[in-house]
Amino acid sequence: TRPLTVIAGPCQLENLDHALMIARAMKEACARYGAQFIFKGSFDKANRTSVSGKRGLGIDEGLRVMEAVKAELDVPVLTDIHNEAQCAPVAEVCDVLQIPAFLCRQTDLLVAAGKTGAVINIKKGQFLAPWDMANVVAKVESTGNTRILLTERGTSFGYNTLVADMRSLPQMAATGYPVVMDATHSVQQPGGMGGSSGGQREFAPVMARAAVAIGVAAVFIETHEAPDTAPSDGPNMIPLDQMPDLVQTLMEFDRLAKAHPLKL
Amino acid sequence: TRPLTVIAGPCQLENLDHALMIARAMKEACARYGAQFIFKGSFDKANRTSVSGKRGLGIDEGLRVMEAVKAELDVPVLTDIHNEAQCAPVAEVCDVLQIPAFLCRQTDLLVAAGKTGAVINIKKGQFLAPWDMANVVAKVESTGNTRILLTERGTSFGYNTLVADMRSLPQMAATGYPVVMDATHSVQQPGGMGGSSGGQREFAPVMARAAVAIGVAAVFIETHEAPDTAPSDGPNMIPLDQMPDLVQTLMEFDRLAKAHPLKL
Amino acid sequence: TRPLTVIAGPCQLENLDHALMIARAMKEACARYGAQFIFKGSFDKANRTSVSGKRGLGIDEGLRVMEAVKAELDVPVLTDIHNEAQCAPVAEVCDVLQIPAFLCRQTDLLVAAGKTGAVINIKKGQFLAPWDMANVVAKVESTGNTRILLTERGTSFGYNTLVADMRSLPQMAATGYPVVMDATHSVQQPGGMGGSSGGQREFAPVMARAAVAIGVAAVFIETHEAPDTAPSDGPNMIPLDQMPDLVQTLMEFDRLAKAHPLKL
Amino acid sequence: TRPLTVIAGPCQLENLDHALMIARAMKEACARYGAQFIFKGSFDKANRTSVSGKRGLGIDEGLRVMEAVKAELDVPVLTDIHNEAQCAPVAEVCDVLQIPAFLCRQTDLLVAAGKTGAVINIKKGQFLAPWDMANVVAKVESTGNTRILLTERGTSFGYNTLVADMRSLPQMAATGYPVVMDATHSVQQPGGMGGSSGGQREFAPVMARAAVAIGVAAVFIETHEAPDTAPSDGPNMIPLDQMPDLVQTLMEFDRLAKAHPLKL
């Protein structure tokens, strides 16, 4: 079993300098403490709460940023795609294509993503049971692609709140694919601020640590140097300057968890 | 206030004869009891539980069927769309474009649909609070289109089950737009049968009647002459031969409800 | 099938004059519109959110009030009991003993209540599925008492909110016992105001009407002449002066529902 | 900060030999790995799913067993109480009085328990938000007793299932009182087997480990040498022979967690 992978970056790509700044800081922190690192950034926020929420750089500019981050820092990069047409061009640049939670049952998108041969990270819909992901996985597998990651990002729990069910991690792992804990989206409060989503940033490290102790393959964490002024998802992002300490602690839990794998 | 509209039809369009058979039966039942009628049918089931679930006729053949139903029976028709490219061609044929629940926050789809000028029926996501629909509505309104319907189709409630919260109906009505109760999908049990969704067909009339008593503008009901052999959603569809009695009873409740509008 | 029974009264008994005032107003409204009436009042609020919430008159004074209401107005009366010792003395005065939702699995309480021979109204716990009530019912039936009512009062739905699942009404009716809709507690927001529970009074008539349309045997409604100053449950009680109109409308829906019983 | 406390024992006390056998095994395992140990056993299962479920030894015999376990093994003991009258006699024998989840808002019970001066372990109701426990705590504090523990045992999540929200642990810790994770009840499936509750025993170590990583003061684990034939709660108890390894691993996580306390 490999050490923990940390998938981290800003919610949305803002510009190249900003992406490089965050990627560099995270690469360094992960290298220092022995974590694998994948840089995450979105070129389009396609399902903002409000029509006036900032959408992002767009696919062309976004991919240029991703390409430059890869070239400059030699790190794998991940972004989310929203329709079939985006799959091929994104896969030319990015190592991991991410299926957004709301879209995790859209057959054509899963198949188009799978066909690229890239790694596909599927976020479990807030409306799905962990065992339902077996059917989702089969859609990607139907393309012959078995480079799949499954991400827990919280489940609907009443209105405007999610709950992260820790049973979901071993249940999804039963598919045989690596499981990722999305520590920052699982503490989101969708629509909780009226025109935008709220979040409980303070609990993101709680979620990350619990999941790492259980033995997940990776954690997914959105981070920003100034979350409160970030263009999206500020309420649940972890400040960048807290990330090195967090990575250090998570790696200690990771070593202990992997030395004592849970048998289910 | 107008009498109840009944949006009804099979889950998926199977062929022209089948569509005509159901549309004719429903048109007749609605006319007899004073309901307005809109024929519903899907040309693509884009988010089936399983990759091997039947997808449907496809857009070209599906629109030909819809066109023929309109021409033959002179009834308005509704279908659901899954990406921006489908909006314009579908709007040339169909009176109502429906936004699927999983896609109800996809800004581009809402905007593309709105721009057609057609009536847009937005299904509330299983992961959304009723008041969150104000933000969804604003995305369509941003195109200048205010011909909007809002549909309750159940909210995530634990795993593999939905619950229909009756408070949602007046809460969505506070937007000023007509509210539709989807009586058959709100009793669906998503993923409840492993490779497909289960359903509790027996409770669909319960949901319809409760909502009509509260005073909704429309009910949405999927129906089939033989639900158990239907290509999709059989477990929650109402047998076609039970529809005339159901419409008759609902119209009695509708008259009473509209004579005593609930003040909130 | 008998016409609708209306179980109504204040959340807590305040004094004899107050009880008589409400009981008289409700008796008159129910008589005018053809409903059966049961007067409800609590002598002890044993599970207030806060230790400083008002508890009520106590059992001795409370039973004196109930006895006087019965003597003066000749109406059946209902109150809730909280331990085994209360069952026998309460049953000497009250026609219906009510098991609070939190206590609906306490075997000794159910058995002690059942042994009195009084009618037992069991509120379904916020943590129970409708079908779980079959086991609860069996505890009372074990005493030979089959005079049982089952009440829906909402189910936990995330934090600080309940949802009333309309499927619960026919599901509990499958036990063969009359089903009651508690229209005011199912719109309660437990703990929602920090030191006390909130409520959405405006939706209580929505719940009542939906349930009556489905065909319940009774509705349970707490009412007060000035809910905002009531010692408990003000946020979800219906003002007394709105009750006659509500009863009138509900009776119209009741007649229609009972003329068209739902077959499940 | 002290090392982890393990509260463990059978669901119900069966007889003295059985209690001694389990208590001895757990005392030894805890001593070996540095955990504090509290022996848990119930003398009455007062809210069994079914009226025919075994209730237990009763208070007199149960307290004799507890007294003998204390005398023989010199370990603190915990049991749950169900009404006010039980508080004083139980407190003469037991170190910790436990308030069952369903009863956690019963003011009189909390006050009677508090007055004994014993440690009071309050299980959070399946219907309560973590922050609602501040009001529950105040009821015990009103007696001057501040020896309080707060236990997470899962929250209602749809029907027949619970979810353990890890945010609850730091949220309840904000009261200032030690927080306990009940690893075996939080994987219970209430009523899930028709006439009895089901459970997902395999996930109990997952819950325990996640909570210990977050830094809880104690875990609560029911255990039995042969869970499948235990008189109650078999489906979610951990086999006794697996407990030493589990305690060993949990203590490693505990040391790491307490060396890196989460700041919230």
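For reference, chains read A, B, C and D in written order, and residue numbers begin at 1 within each chain.
Going forward, a contact is a pair of C-beta atoms (placed from the backbone, for glycine too) under 8 Å apart; a residue touches a chain by one contact, two chains touch by 3 or more.
This structure is a prediction, so every number in the text was calculated from the model and none was measured.
> Quick one: point me to the chain whose Cα centre is farthest from that of chain B.
Relative to chain B, the chain whose C-alpha centre sits farthest away is D.
> What's the call on chain A versus chain D, same or different interface residues, using the half cut on shared numbers?
Mostly the same residues.
> With chain centres defined as C-alpha means, what is the inter-centre distance between chain A and chain C in Å?
Here chain A and chain C have centroids separated by 48 Å.
> Measuring centre to centre with CA averages, how many angstrom lie between chain B and chain C?
Computed from C-alpha means, the inter-chain centre distance equals 36 Å.
> Between chain C and chain D, what's the gap in Å when you average each chain's C-alpha atoms?
The separation of the two C-alpha centroids amounts to 33 Å.
> For chain C, jot down the residues that touch at least 2 other chains.
Touching at least two other chains: 155, 157, 159.
> Can you list the chain B residues touching chain C in their complex?
155, 157, 163-167, 169-170, 187, 200, 202-203, 205-207, 209-214, 249, 252-253, 256-257, 260, 262, 264
> So in the complex, which bits of chain B are touching chain A?
Chain B reaches chain A through residues 46-51, 55, 82-83, 102-103, 105-108, 111, 125-132, 135, 138-139, 142, 155-156, 159-160, 190-191, 195.
> Quick one: in the complex, what on chain C touches chain A?
Per the touch definition, chain C meets chain A at residues 157-159, 161.
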